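Shown next, in structure tokens, is the structure this report addresses.
Naming follows writing order (A, B, C and D), and every chain is counted from residue 1.
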Amino acid sequence: MTVKQFFKSNAFKSLAVLLAIVIIAGGLLAIFNDLLFVSDEERFNRTIEKIYGGSATVEETLTITDENGTFDKGAVSAAYKMSDGNYLIHSSGKGGYGGDVYLWVVVIAENGKFGGIEKVLLDTSDGETLLGNFRDSFYENFTKHNDELVEGKYFGTSGSDVINNVVTGTTLSSNAMCNAVNTAIDFFKSAVLGEEVVSYTYLYEKYVDMTQTTIERDFAANSVTLRIVMQANGIAPSIAFDVTVKDGAITAFEATKPFVQQYDETKIDESLRNGTYFVGKTAEEIAAALPDGETLDPAKLEGLGLATGASRSSESFFRAAAFATANFEAFFAPENLTYASYVDFEQSTFTWNYTEGNEVKMHIVMQANGIAPSIAFDVTVKDGAITAFEATKPFVQQYDETKIDESLRNGTYFVGKTLEEIAAALPDGETLDPAKLGGLGLATGASRSSESFFRAAAFALSNYTFYLTGGEQA
Amino acid sequence: MNKYVKTAVDGLITNNATFKLVLGTCATLALTTSAINGVGMGLSVTAVLLLSNVVISLLRKVIPNTVRIPAFIVIIATMVTILRMALDKFLPDLYDSMGVFLPLIVVNCIILGRAEAFASKQPVLDSAIDGVATGLGFTAALTIMGVIRELLGSGSFFGIQLWDFKIGFFTSSAGAFFVYGMCIALFTLISNRVEYAHRARKARELRVPAEGPLDAPGISAKEEA
Amino acid sequence: MKFLLLQPVQWAQVGIVIGIFAAISVLLTVCILLVAKFCKTNADEKMEKILENLAGANCGGCGCTGCAGFAAKLCKGEATLADCHVTGDDKKEEIAKILGVTVEASKPTVSVCRCAGGKNAADKFVYSGAQDCAEEAKLDGGAKACKYGCLGDGNCERVCPESAISLPEGCACVDPDRCTSCGACIRACPKDLFMRIPADAKVYVACANHDRGKAVMDVCSVGCIACGKCAKVCPSGAIAMVDNLPVINYDLCTKCGKCAEACPRHTIQTRY
Amino acid sequence: MLGTIITIIVAALFSQNFILVKFLGICPFLGVSKKTSSSVSMGIAVTLVMVLATLVTYPLYEYILVPLKIEYLEIIFFIFIIAALVQMLEKIIEKLSPSLYQTMGIYLPLITTNCAILGVAELVIGSGFYADIGLAAAADMNLWFALLYALFAGLGFTLAMVLMGGMRERIEKLPIAKCMKGFPITMVAACFMAMAFYVFTLI
């Protein structure tokens, strides 16, 4: 094969041609990639162009930190104050099909107060094939509920007090859409207006110091005894109340002593202090005294035959009563129990064994926890202590047995533990610090699944009394 | 019919890429959950197919047979990527609606299929016509399936909600298979009917006896009797 | 369209990309060539070109397993182009050029069933076995008294890709419009009753019984009794009596239809 | 370690089956699965290409593309490598069994654009992959897990092909309407198989 022949041969020709094609292609690609690179800044101008069509420019760019930018249902990556006074927020919502959904939300800021949503535009949403501007009408109905938004309601796909069926068409990422818009609203309220935004499970929870408040539920008697500790209300100090509500009406209401020495007794009407005024009142009557749901109109006090003055403290009285009565059903809803946010209530069952008296058998099914699959536990609690704790099989084959400690799996670790000891492992009530596992003498690793273990145990112990009366008969 | 019209009709109807050659099934099954996706994907494929057929048929004599597949695929992939970059830079709103399909096209079997079967053997003009015809045939097929699945699956037509009676089966992938199978069956049925009619007409033309339709002695005698 | 600011090109990046891409392509091409060298199949150039021109339907009409087999036979000269009925005429010219053989433009043909018995033919016994001509033919040639006749179990109907064959009165009948003359029925019929005739043929002999007239009359009311009237009346002498059956030479036939009229038993049938 | 391997095998073969759950690589699945013999050989060919492709693309991505920050070229490099492998495969198959080469026909070059192979190459380098197969962190991911996943993804592909091949052989014998023969009835069969495999996405 002489050299000349080699150059003519098919082998060399194919090598040369392919090399030529590849070099040209590679060159073109690299050059065009640099040439046509769309910088973020240009992309941002394009979005502004699309939303405002040139009518407004960016006045000020807000700094986004990890602390003010992340929320439980989504996150905010950028926010700008526009020349027309409104705020343009780039927020993402979790739970989209195959990834988060990113939205540009224009929030109306009328003279420093939240005024609703002016426009919503899809930025990109990985995993969503075509939600582009073909269906702009898709986002209009986000802007049609401003009055409800001002009241404090949020967008959602389920639940009573949310604005739902806002999103039609693809239901897959509709909750991601709502999460993104809600996140933008929360960000606007917290970062821009400085309001303290915390999502509440109960009504009037804003005024109650939940950490010290205890709720005793008696399912059989359908009554709740609460020890409500109110937050300080302006100059009025924090007041504590012992309230029992039966069948939705207050049966006992007594302001415990601590408030007296800080305040002048004569200013507060006798019937308020010993609670006789509230006895027998239902949620509607109390709510009537708090027209806008929070402030007590002093003038109304005469109308109710009460001594005027000390309106801030009496306001706390009314708020406590409202808190106790308005949430009466909510207290009995299992989702609002302590440590209950990760339990899958559809599949869980709780049976109360009559013969043994105070023994409750719980089959608790935990929701999936990040990548850890949903795990089911069979727990029996007798006289307030765990007597048997066993993780049923389903979780094993998806997960590596060696990662979870033997004593956790067969439950021996939890037997006999008190609620305090278990609660100690969950500092903020829900996350298990992997490092602590070592401290408790357990194999580290597989922290997500072990977290479900601890949560289930904590739930079982803390709600033993509730299910003692509330669970089905065995 | 002259050559070009025949290629066009071939690409569009007779051997339609989706229903007859059954190529590009991944895109067909995945993207026909809504009609708009079908149209968007179809038009993007048509554009890319036209470009790639022309370029490949220009180079068909140069590329030796031993390395034809890598060569073709590099050409197609580079073209799609540069098209995507250009679209993103100069026509952003078109990119928003079409852009999401372009990376999918590189993996689409139709482009390489037509390049391999047709463009690498035919002159440029034929390849171009074939590219456009196959692309439009693909768009039509995807739109039809998109409409069916969207109408039955999510009760809307091109995004406009008509009724909220939804059959989940049709938006699922098992449903995609089913609808695709039924469309092919319908297509085969129709094309068979058309072909029989065409063949019967051709056979009848043949059957006219040499001297002319009626003056043959045998036939006239019999009719009078 | 307002001119957008184009970003500067970093040439270092371009160099890297080209370098890697080129390296990979050289490496892969060398591998491809090595593999090609090892797997040098002995397919010579001619066979490949023929295969490209054949229709590639692998229908088996030519009696080979697929087009590849047919192409091999063509190269060795064991098969003629006429065997393949699916490839278009223009393609056949190209193959003929490659093979250096001349191919006469073969006229389109259709298949026809040389029997019209069915209900008109008597049965020797009642057959209630498998609905399959080949099975029935094993039982002393089948239930029909006439051992040449069609048994009416429909093997041909099932095998015809164009479903051109139907069995109106228990006897196979080919619809000329649908038949693509692929030869599947010819292979399927155990009695070998199917025959290819020119597509424009007007008349054909619907009987394959070689016995004398008397024997035919006992078994079938429409069988050919070899009276020879058709041969005498044919003005162009296209019909010759061979072994008690008329054989029509379609090149001479002027489609006058006289033979069909003359036949006392209507064995010679007309198509239109 | 053992748990990860079991997860990979179960995931690649059943719960994340490339054809019937992820719906990638449908063209050869419908085109070549007429007989179980041709589907087995197609399956093995695809598995071979998958393993070889991952062997080349995984290190290419980890050690060349990422450090040089030219990930945007990733798709083109991957497809180029797969195309070259398929070109070699074509020569090998043409040598080993011409009849198989004839039955695969146009579907052999189409392995290149087969979404399953590119799917494996892309998935293996994906960010979320280490979690799918039960590893604690991305650092634990290495070439062996990738190759193992590619191998079993290919076997899952072959499994689905053989299942379909077997079913189609039986279907050929059934008296079906003429227009339903061929692809339509295969699609209906695939629809039922998809429903059957749908259960894996639920657990």
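Rule of thumb we're sticking to: a residue touches a chain if its C-beta (ideal position, glycine included) is under 8 Å from a C-beta of that chain, and two chains touch if they have at least 3 such contacts.
None of these values were measured; they are calculated from a predicted model.
Taken together, chain B and chain C share the touching chains A, D. When each chain is reduced to the mean of its CA atoms, the one lying nearest the mean of all protein CA atoms is D. When the interfaces A-B and A-D are ranked by C-beta pairs in contact, the top one is A-B. Between chain A and chain B, the centres computed from C-alpha atoms are 50 Å apart.
For the pair chain A and chain D, the distance between mean C-alpha positions equals 41 Å.
The distance from the centre of chain A to the centre of chain C, with each centre set as the mean of the Cα atoms, comes to 74 Å.
Put simply, the C-alpha centre of chain B and that of chain D have 25 angstrom between them. Counting only residues that touch two or more partner chains, chain B has 66-67, 70, 74, 77-78, 81, 89.
Multi-chain contact residues of chain C (touching two or more other chains): 4, 13, 16-17, 20-21, 24-25, 28-29, 32-33, 36.
Counting partner chains per residue, chain A has residues 11, 14-15, 18, 22, 25-26, 29-30, 33, 36 touching two or more of them.
For chain C in complex with chain D, the touching residues are 13, 16-17, 20-21, 24-25, 28-29, 31-32, 35-36, 38-41, 43, 56, 58, 65-68, 163.
Residues 31, 33-34, 36-37, 40, 59, 62-64, 66-67, 70-71, 74-75, 77-78, 81-82, 85-86, 88-89, 92-93, 96-97, 100, 154, 156, 159, 161 of chain B are the ones that touch chain A when the two sit in their complex.
Chain contact summary for the complex, chain D toward chain A: residues 2-4, 6-7, 10, 70, 72-73, 76, 80, 131, 134, 136. Those residues of chain D that touch chain C in the complex are listed here as 60, 64, 68, 70, 73, 77, 80-81, 84, 87-88, 91-92, 94-96, 98-99, 102, 105, 178.
Put simply, chain B touches chain C in their complex at residues 66-67, 70, 89-90, 196, 199-200, 203-204, 206-210, 216-219, 222.
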